[in-house]
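Pasting a structure here, questions to come.
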Amino acid sequence: MRFYTEYLIFQTSQSREYINITPQVRLVLEKSGIQEGMILVSAMHITAGVWVNDAEEGLLADIDAWLEKLAPFRRDYHHHRTGEINGDAHLKSLLVHHEVVVPVTAGKLDFGPWQEVYYAEFDGRRPKRVIIKAMGE
Amino acid sequence: MRFYTEYLIFQTSQSREYINITPQVRLVLEKSGIQEGMILVSAMHITAGVWVNDAEEGLLADIDAWLEKLAPFRRDYHHHRTGEINGDAHLKSLLVHHEVVVPVTAGKLDFGPWQEVYYAEFDGRRPKRVIIKAMGE
Amino acid sequence: MRFYTEYLIFQTSQSREYINITPQVRLVLEKSGIQEGMILVSAMHITAGVWVNDAEEGLLADIDAWLEKLAPFRRDYHHHRTGEINGDAHLKSLLVHHEVVVPVTAGKLDFGPWQEVYYAEFDGRRPKRVIIKAMGE
């Protein structure tokens, strides 16, 4: 069995940003030398997410508006008694999830034609980490 | 380590359909000969989902109505400037997620009594694929 | 390859409760002796969830209120024709998801500073199980 782990660091200029990290995941797979297995891509923070979906700017704008509607910024979250003001970012993270597992077959990400891995930042402007861990043979 | 991969293809007659694929997952497990490990079940399209929940028709109707409420069909999604009209299907996919990882113990899906794997089609009437990848010993 | 599996049983006193199970996951990892790999933590019931987020009481209150808003208790779910009254618990489970996969590196849960694993009970007051399955070397 082979295991190969890398960490990405993002410091976005916006509070919310959506970054296509498929090239980085592909690079980790190459370095791992794995032909068959799985890759876990997981945010290491609780105000960020990871998803697989389309690389289309209009859709990203739709997703952003939709997340703000379902998990809106509000001043009065209980969480804010701690001094934080990012309660909405926690809820957005729960909604989209913080991780994906990508299948690897014949040395490739075994994706359909439109699948891309995104890092979703919900509380940016500071360093945030993502782990990419490949496991297989 | 053993790895075993199969692809299912669905072409639903409805735009939205929910299909119990537990028998197919179980068959993949049998063919793999794996006694201990995990099975990744993942939609290969960005307008479909995979979940584990109850095989109960009333609940499926509730889920469908609920998804339409939280991620409704609308004409005015930004994504539709590409010519698509399936923006809601992308959001529904994000909401329920596109994959599950099922534990395998003693050669069986290690499920509780009511857990069943569903393929959720949100933009059907054309061929869509699901990957089932077993990994273990 | 090593595989190590444990089952937790929860019988909450409240209908909805959120329990930090990070210590239990860490203990399973220790017992497994695994240095590199992944741990699947998965609810074995369809009215419960598992997530990774902050251990902060205010946030847990926010999450609870938010889930009740997005997936409210209602008498008129179709699912209730079966005699059940827990339709909302199924929807809450779908929303937050029933499983997480935790990376293991150098014999530790490879988490960021604030990540904790929670069991989310949405229909409690009876025994419910969670599987923790470690896989690696």
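Chains here go by letter, A, B and C, matching the order in which they are written, and residues are numbered from 1 within each.
To be clear about the criterion, a contact is a pair of C-beta atoms (placed from the backbone, for glycine too) under 8 Å apart; a residue touches a chain by one contact, two chains touch by 3 or more.
The structure displayed is predicted, hence computed values, not measured ones.
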item: Remaining chains grouped by touching, subunit A not included; value: one piece
item: Copies subunit C and subunit B - interface residue numbers shared by over half, same or different; value: different
item: Distance from the mean Cα position of subunit C to that of subunit B, given in whole angstrom; value: 20
item: Shared interface positions of subunit B, touching two or more other chains; value: 1, 70, 95, 97, 101
item: Residue ranges of subunit A touching subunit C (in the complex, touch as defined); value: 1, 3, 5, 40, 42-46, 70-71, 77-82, 87, 90-91, 93-95, 97-99, 101, 129, 131, 133, 135
item: Complex contacts: residues of subunit C adjacent to subunit A; value: 1, 36-38, 51-54, 56-59, 61-63, 66, 70, 95-97, 100-101, 103, 105, 110-112, 114-115, 136-137
